[in-house]
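Consider the two complexes below, in which chain A is the common component and chain B and chain C are the respective partners.
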Partner chain A sequence: MIKYFHFARISFGDHLKNRLRAFTRFLIFMLLAWVMIQMWRVIYANGHTPDGISLTDMSWYIGLSQLMVFLSPRIFVTIDDDVRSGNIGYFLNRPMPYLWMRFSEGFGALCGNILIYFIFGIPFLYLLIGNVPDCGTSVLLPIMALLLSASVLHLLFQIGCGLSTFWTNDAVFIYHSYQKVMILLGGMYAPISLYPDFFFPQILKFLPFAAMVGNNAGFLLPNTGDSFIELFLLQLFWIAIIVVALSGLYQICLKKVEVNGG
Partner chain B sequence: MVANLRFFWALLGMTFKSATSQRGAMLVRAFFSVITHSIYIPVWTVVFSISPDISGWTMQHAFFAYGLSISCWGIVSLLAFGLRTIPEQIDHGEFDSYLTLPRPVLLSAAISSSKNTGLGELLFGTGLIIFCGVHFGMSLVFVPLFLVMGSVVFASGVLLFATFGFWLKQYFASAEEIYFNFSLMASRPAPVFSGVFKVIALTAIPVSLMSHVPIEFVFTHHFPLLGFAILGTLAYAVMAISFFKIGLRHYESGSRFGVRG
Partner chain C sequence: MKTSVRVENLHKFFKIRKKTSLIRSFICPEYQQVQAVDGIGFSLNEGEKVAFVGPNGAGKSTTIKILSGILYPDTGLVEIGGFTPWIDRQKLAFQIGTVFGQRSQLWYHLPAKDTFELLSYAYEMGRNDYKTRVKSLVGEFDAGEIIEKPVRQLSLGERMKCEIIASLLHRPKILFLDEPTVGLDVVSKGVIRDLVKRASDEDGTTVLLTSHDTGDMERVCDRVIVIDHGHLVMDQPVRDLRSGYIREKIVHLAMKETEIDVRMAGVDVIEARPHVLKIKVDTSRTSVEFFLQQAMQKSALVDITVEDPPMEDIIKSIYANGAGRLASS
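Now for the complex of A and B:
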């Protein structure tokens, strides 16, 4: 396990050292959060207030949903590059599985992002929204914990997208598809509880997309009836499923690797 | 100028020939691209089921804006994908080969590659625009002009942000994220952009010129507005190209040794 720890540690340091990358991503997060929160402000100003959800809570919901997407590094780009350039051949010689090496690197960078976004992102949201959630600041702590495990799940999905390069030769295109499914089924633009009945919101909340986005941010909304333990266990369940699926996928991918040259 | 244009068409033809040589892959990607982008339809259906309009911005505006922005993304991916890879090419020292060519470096770098998902994006975007015309009765007369304008704005935005790669190392991942969100912003409701952000959306990141202004023109037929948008598009393109030329002077050759580990 210690080798994975060192990979994560080095990646953590490297991620924090690249200030430009961190700054650019944070700038994009601020812009997207601002646009989405502003959209809901306009909706509320027009009198279309969803039942029982204040503008403050809705703004926090949207802001935290956006924040989740930015916590994980774009690890699928690295895997895509490794596969297409053939560099994966160099990594397969190492005494550790490529899959978990990249995961530990991603987790290290994720910890770096956690530091940045929890220290600067949440105060930014507070300044933008102008108020703490209606149920107080204490609700933010369990949400932050849920966001961390949600980001691990997101990271695993990204690795899955990255491995798809073996067949599609383009992980970016697969990631964009996954991202759009997450926007819809995860409830990034609106809480799942507000979805029309034909979307079956009661089923959507058990899917991995809601476990990553809507359920966590939705923890601050009134009348959701979810407990922290339930949401956390749901995330663990999906993490376990995806880990098993990724391990199987990785074995299939290894059979597709063709190393040429000397 | 004529020689450059001839070179442009020849290069475009070669790039297309190369992209369409894998017809199966192109069609599969185009199909999945259409499916992927279709997801935005239920997304906006959800938002407008909660609020029938956003300060006058309705489902038809949202679909038209998304159609325009995704078509422009598709056009740029098909015709000038090289623009998006400029930071990567700079980092890998791949500009050396363009510098040896007797034609404009930018033209060679921009049209040297094409992304075949662009076909699906263009098909989906134009399909959505035509749907708006048929279903909502929106005028489609100026759509070709909007697509050209939007593509120029988007290509110029990509070029502008990509040019920072001449000064910043390992910038391509950040750049790709900027391009994606540039296009995404263009599909956001226009009433959301107010105050200082309206100014930004018309100048530094002119997403409004891609979708908001054309949509306003469709409903108002206010020709000075269209004139302003065309002038803004041209000014932005000139600024992006000038910035690229400044950046190119800072290019250091990629003649370096590589280390693999």
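Now for the complex of A and C:
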């Protein structure tokens, strides 16, 4: 395991060195969070107030959901590039599986983002919203822990999208499709509890998309009845499932590696 | 001597999508199979340095990629240090080092020393062992300054030195080099060749080297395997190539007469200037001795030089004969 730690460590340092990339990404986060929170301000101002959810809590929910998406580095782009260029082949004769080498690197970069977004992102949300959540600041700590494991899950999904290049020759559209499903079924723009019944919100809560987005930020909403342990275990369950699925997929991909020419 | 690499009846096909109409290609794409490796077999002994040469598309790189565990073959047997490369990838990785001249195993934005450190963890080297090894290799390759710079700032020759250090770090028993001198200038080529040869001689590392540059073959290797169209065309010691394969000699004559007539069977004039002649003698038709006797009868000779043709011409001739043989079969 120590080798994976060192790959993550080097990637962490390398990620933080690229300050321009980190800054522009953070700017986009601020812009999106501002737009989405403004949208809910308009909805509340027009009297459409969801039952029992204050504007402050809704704004924190939206801001933290946006933040989750920005924590994971775009690892699918790297894998997509490796597969298309054939570079993946040149990583296969190393004494560690390519898949987990890239995961370690992604996790290192994720830790870099955690540092940036927890130090600057959460204070930014506080300044934007103007208030702490109704249930106090103590709720932010378990949410930050849930966001970390949610980002790991998001990272694993991205790796799956990256590997899809073996069949599609382009992971970008697969990732975009995945992202739309995550936005819709995960509750990115509105809590799942507000979804109409035909969406079966009680089932959506147990899907990996909600485990990545809605459940975590939803932890601060009143009357959800979720416990931290339940939400965390649900994330671990999905992480385990995705890890097994990726391992199987990776074995199939290995047989499809083709590196023509010198 | 112990066998280090054993390859038997290796076959590899690539599936290439045929170009058809847009709709047909979308609904029912058609593929054609291209045979990259066709029944190759050879073995390498421990510590042997073998050149693996052939024209573009001959299947050299594909074979090396199968041997190093990158590609799956369609059929055939490969055994390297008791492992089957595509099955025992992780275990084999500790036994082999690879350098692909057109690809890099170094992290582009990081100094090479950071890559060495990462690789040392990947190869589970002890800290003291790693420090001693990297110090020794960096000293040997005279790379003290270059390993401090980010890889993107290195010249091709400097990068290649770092690539070879990276591949030798974990003391591999077998080193696969795929065109390690491609794109390098004459001086850098010489340095890289000497370093590979010395590293192999010191550690007893088996080397399998592909290259289009016959200089790599002559300076580094003891044996040459020539392949073409996926077939093995020739396998013999490098020193026997000149004496055994080619039946031509290049003769330079400096003479008293301004010009002489040397027309005879098997003799071609390559270059004729006043008092100087450069002749190609086909020794299967005319011996050099006979030719020189004839020349001496026509003019007093001031100087005589007899050379083998350049190695490049020898290899060209092998390719041509190999292709001819394939065509006739």
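One rule holds in what follows: the second predicted complex is superposed on the first by the 259 of 262 C-alpha atoms of A that agree within 3 Å, B and C clash if a C-alpha of one lies under 4 Å from a C-alpha of the other, contacts with A are read in each partner's own complex, and residues count from 1 in each chain.
Keep in mind that, in the parts below, a residue touches a chain if its C-beta (ideal position, glycine included) is under 8 Å from a C-beta of that chain, and two chains touch if they have at least 3 such contacts.
Since the model is a prediction, treat every value here as computed from it, not as a measurement.
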Fill in: First (chain B), second (chain C), both or neither touched by A:Leu16
neither
Item to complete: In the three-chain superposition, say which chain, chain B or chain C, touches more residues of chain A.
Response: B
Discussion item. According to the stated criteria, A:Cys135 is in contact with first (chain B), second (chain C), both, or neither; which is it?
Written reply: neither
Worksheet item: Taking the superposition as given, does A:Val257 touch the first partner, chain B, the second, chain C, both, or neither?
Response: second
Practice prompt. Examine A:Ile2 and indicate which partner it touches, taking first as chain B and second as chain C; both and neither are also allowed.
Written response: second
Worksheet item: Looking at the overlay, does A:Leu31 come into contact with chain B only (first), chain C only (second), both, or neither?
Response: first
Item to complete: With the two complexes superposed on chain A, say which partner A:Leu236 touches: chain B (first), chain C (second), both, or neither.
Response: neither
Discussion item. Just checking: does A:Leu148 make contact with chain B only, chain C only, both, or neither of them? Give me first, second, both or neither.
Written reply: neither
Discussion item. By the touch definition at the top of the document, which applies to A:Leu194: first (chain B), second (chain C), both, or neither?
Written reply: first
Item to complete: Scan A:Pro97 for contacts with chain B and chain C and give back first, second, both or neither.
Response: second
Discussion item. Can you give me the overlap between the chain B contact set and the chain C contact set on chain A?
Written reply: 87, 90
Worksheet, complete the sentence: Within their complex, chain B touches chain A through residues 25, 29, 32-33, 35-37, 39-40, 42-43, 45-47, 49-55, 117, 168, 170-171, 173-174, 176-178, 180-181, 184-185, 188-189, 191-194, 197, 260-261
Worksheet entry | Touching residues (chain side chain A, partner chain B) in the complex | 18, 20-21, 24-25, 28, 31-32, 34-35, 38-39, 42-43, 45-46, 48, 50, 74, 77, 87, 90, 168-170, 172-173, 176-177, 180-181, 183-184, 189-190, 194-196, 199
Discussion item. If we count contacts the way the header does, which residues on chain C are in touch with chain A in the complex?
Written reply: 14, 36, 56, 60-62, 65, 68-72, 89-94, 96, 98, 100-103, 105, 107, 109-110, 114, 117-119, 121-124, 178-179, 182, 210
Worksheet, complete the sentence: Residue set of chain A touching chain C in the complex reads 2-3, 6-7, 10, 14, 17, 87, 89-90, 92-97, 254-255, 257-262
